[in-house]
Amino acid sequence: MSEREAGVPEQMAVAIARLLRDGETVFHGVASPLPMVATLLAKRTCAPGLVYLSIAGGVDAEPGYLPETTTDPVLLENARARVTLSEIFDLSARGGLDVAFLSGVQIDGQGRVNMSAIGAFDRPKVRLPGGAGSALLMPTAKRVILWRAKHDPRIFVERLDFVTAAGNVDRVVTPLCVFRSIDGRLEVESIHPGVTPEQVRTATGFPVAVGPETPVTPPPTAAEAAVLREIDPARIVASEF
Amino acid sequence: MRGKVVSLPEAIAMIPDGAVVALGGNTVHRSPSAAVHEIVRQGRRGLDVVKTAGAYDVDLLCAAGCAAAVSAGFIGFETPFGMALAYRRAVETGAVEAREHVCASVIAGLRAAAQGVPFMPIAGMTGSDLPAARGFRMVADPYTGAETVAMAAIAPDVAIIHVQEADVDGNAAITGTLFEDVLMAQAAKRVIVTTERVVDRLPMDRVTIPGFLVSAVAEAPGGAAPCGCAGEYGYDREWLLAWGAAAKTAEGAAAFVVDRVATVAAR
Amino acid sequence: MRGKVVSLPEAIAMIPDGAVVALGGNTVHRSPSAAVHEIVRQGRRGLDVVKTAGAYDVDLLCAAGCAAAVSAGFIGFETPFGMALAYRRAVETGAVEAREHVCASVIAGLRAAAQGVPFMPIAGMTGSDLPAARGFRMVADPYTGAETVAMAAIAPDVAIIHVQEADVDGNAAITGTLFEDVLMAQAAKRVIVTTERVVDRLPMDRVTIPGFLVSAVAEAPGGAAPCGCAGEYGYDREWLLAWGAAAKTAEGAAAFVVDRVATVAAR
Amino acid sequence: MSEREAGVPEQMAVAIARLLRDGETVFHGVASPLPMVATLLAKRTCAPGLVYLSIAGGVDAEPGYLPETTTDPVLLENARARVTLSEIFDLSARGGLDVAFLSGVQIDGQGRVNMSAIGAFDRPKVRLPGGAGSALLMPTAKRVILWRAKHDPRIFVERLDFVTAAGNVDRVVTPLCVFRSIDGRLEVESIHPGVTPEQVRTATGFPVAVGPETPVTPPPTAAEAAVLREIDPARIVASEF
């Protein structure tokens, strides 16, 4: 059974959603289906007063359907207001953004990310897409939540080829576990149901303390699952898998 | 028609080789694709392409040999369409220079140009290797001594903005997300607007780019395709997937450019 | 009503003595006059009033002893109403410090605060005695060495913006000229919106200030008067002329403040 | 007969209007009735393609009536677009504004202005309103046109108490004459009909070369006068007198 079929996307979405608190301003950018779904889920469950901002410019959009691309104009539907990406960067820069969702092609044990290059920056073996807003958002947003739909030792590395961005990482959510940043290091906070400590250890390129005592991420509740089915019948949540 | 209205080939002919060209839109949304196709057809060379987050437009300009440099925060398709493989290959072979930015530093550079100052201080960037790798310099606040990164002004020679409606005087109305298009129009020396429709007169509150900033208006129905255009059409999934498949090899990308772009008149 | 809606006295009670207070509007147009009257009634002291071009609002705060400093580009009524005599007198007697700005340097300072940077470079200013007189410092572009004036960030403790419509969550819609109100809302630590009407829900494209920036909404019909409010009412010529006549002397101004403002409940 | 009755406002308006060229972008700020009327006149006569910008934010507004206050919302009526004052300053700062209209409480022989203080800046005998946008606009607009509805030696002074702004002054239009800036000095370009060289000389606090050979400002043409009556039946043009 694939991760997709096993409900790992939903497990990740609820794990992310539960990190969001009522009243927070929360932003995601391009190529962010999981944060989009998780934020809308949080707004329907644990954080109804959350302010949902996206790169599409919607403030508290209530899209009629969920798009595959998270810059999509449907993310303006039923929005209360419209802002530009510049205004969102400014908001973060002046300390007004509570949560930014970001990701990395490589992520190290400090929660820093590489989105720039494998090999040398100037003569890369692999040119990566670039960090988008991360080098501004990671140091300025109050909390950064990283996510990746894949967890292997080539992603979670001891040493980045290049530090595209670093900063206020709070949690990292993967198909296997939730990391929490404690004193600047990623520690395993919980492992998802059905995942073994050994799986997490071998999939992670930096040393992690994980064992039978590690808490298990609570699976989606019936209520969370129902909301997910309602807001995301097409399972856009699984599109990154 | 009259005023600033020209044909798309005439508009693109204004762009010299080596120009700094800012492209409106974001990833697969409201990119000025018809203009990009025309740039490819006219065989422009040596462009420095400025964008916050680019995808098909930048990838195609790299594949067709039009771009010498890409100044952007992110070049990649959204989830269903994967990476920008032609861009990646062009940078890896040294054909194109990746002038990686933070999206916010593109904005800061454009703001400096729009405000007539040589640089703009920008927050964040701490802990990133980008300033050192890219030669971004620091500047000290003359009041407190606090240091921030300074972004040099980015004044594009041309900004190309695709909009839903424009009048013959260049007043242009964007439906949906504005992205950085208004700022690009302010920062650029010349502005080319491509528009789904030339309309008679727009109500003041509909205008997002005032005509006095615009040099030329070219009517280009479907001009964002294969990217989407809010309120008009979605992105062309088949085309983008076909491009993604073709772009896996240099030969595939070259054949795609010939078959679907270079030998085809404006859509 | 619910959400962020409070009474005008409750909203103004949030402002401490000594606060830096930005006022929206411009000269005799869409000034937050009802809020200013309430500030006078509550006897606030020591305010640093930030505005690009002020008139009745600033003049009254000077007459009533609420202001300690005025940071603005221009303080004067428009042609029919003459000079801001209470402001002038307060500065001449040393009661109020005139922190003269260029309107553009108020904007630059607000932009710095909005963008989370300590200062903002600004064009122009050459040949002016203002930088020396005001202690504006120069900053060198780290790339070219070119020097410009640097404006220190202006982060108001509170911005007070009067709008035509707002909803209970603070989403606010300005009709007509925006002036610097949106920027003030971005730069300020707290935003108080006074509104002609609290409405149910505004269409997205009508919203000029998003509610998440707003701390409090106070319904204040006629809240710009005696200044005008676009689409609602013009300025109150009689009131402004009466103020101009009263403000010729300190005693006249004081009597006007007592008779028409301090002892009168919110209009 | 007062200046107002003698048609001096109209003389000034046409003198200003004729300085504007087709296609130029032209801006006026607060308290600028004469520039407002002159710009609208120019657009109907010598410069139909002029772009008219005002602090009210209108781009090419066609107001249904002319307001007393030039920040008035009527200056958005029938506008083609709306801009903010910030955008207009930016336009000028980056070299895109052709003409800015400004004034001064004191104006010196170099066309510099004082709008700040009579006496010492820090302890003024008279506190003035402040220079509004002039310290940014005067050095950055391509051409600055100054106007004053009064011409006396306390206004046109040898020495300013304070230089609020200085820069690209092209012309200065007064009830008596038009000054032109030549090599950084104001020279009398023409004197208005009915004004004597002696009047200009005694009304001006700095030395000026003026005599019988000085050209006379052409009076309003019948066409100009007709347009003025049509666009400004209430004679807002005279409100500064």
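All chains are identified by letter, namely A, B, C and D, in their written order; residue positions are counted from 1 within each chain.
Rule of thumb we're sticking to: contacts are C-beta pairs under 8 Å (C-beta built on N, C-alpha and C of every residue); 3 or more make two chains touch, one makes a residue touch a chain.
The shown structure was predicted, so the numbers you read here are calculated from the model rather than taken from an experiment.
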Most remote chain, CA-based centroid, reference being chain A: D
More contacts between chains, A-C or C-D: C-D
Averaged-CA centre spacing for the pair chain D and chain A, given as whole angstrom: 58
Distance from the mean Cα position of chain D to that of chain C, given in whole angstrom: 27
Cα-centroid distance, chain B relative to chain C, in whole angstrom: 38
Overlap residues in chain D, where contacts from two or more other chains coincide: 76, 82, 92-94, 140
Junction residues of chain C, two or more chains touched: 115-117, 122-123
Pairwise chain contacts under the document criterion: A-B, A-C, B-C, B-D, C-D
In the complex, chain A residues that touch chain B: 29-31, 33, 55-57, 68-73, 76, 82, 84-86, 89, 92-94, 112, 115-116, 121-140, 162-167, 239-240
Complex contact set, residues of chain B against chain C: 112, 115-123, 137-139, 141-144, 146, 148, 150, 152
Parts of chain B lying in touch with chain D, wherever the complex brings them together: 113-117, 155, 167, 169, 171, 186, 201-202, 204-205, 207, 209-213
Of all residues in chain C, those that touch chain D in their complex: 26-29, 52-53, 72-76, 78-80, 83-84, 87-88, 91-92, 94, 98, 100-105, 107, 111, 122-130, 133, 176-180, 182-183, 228, 230-231, 235
Sites on chain A touched by chain C in the complex: 25, 51, 58-59, 76, 79-83, 87, 90-96, 140
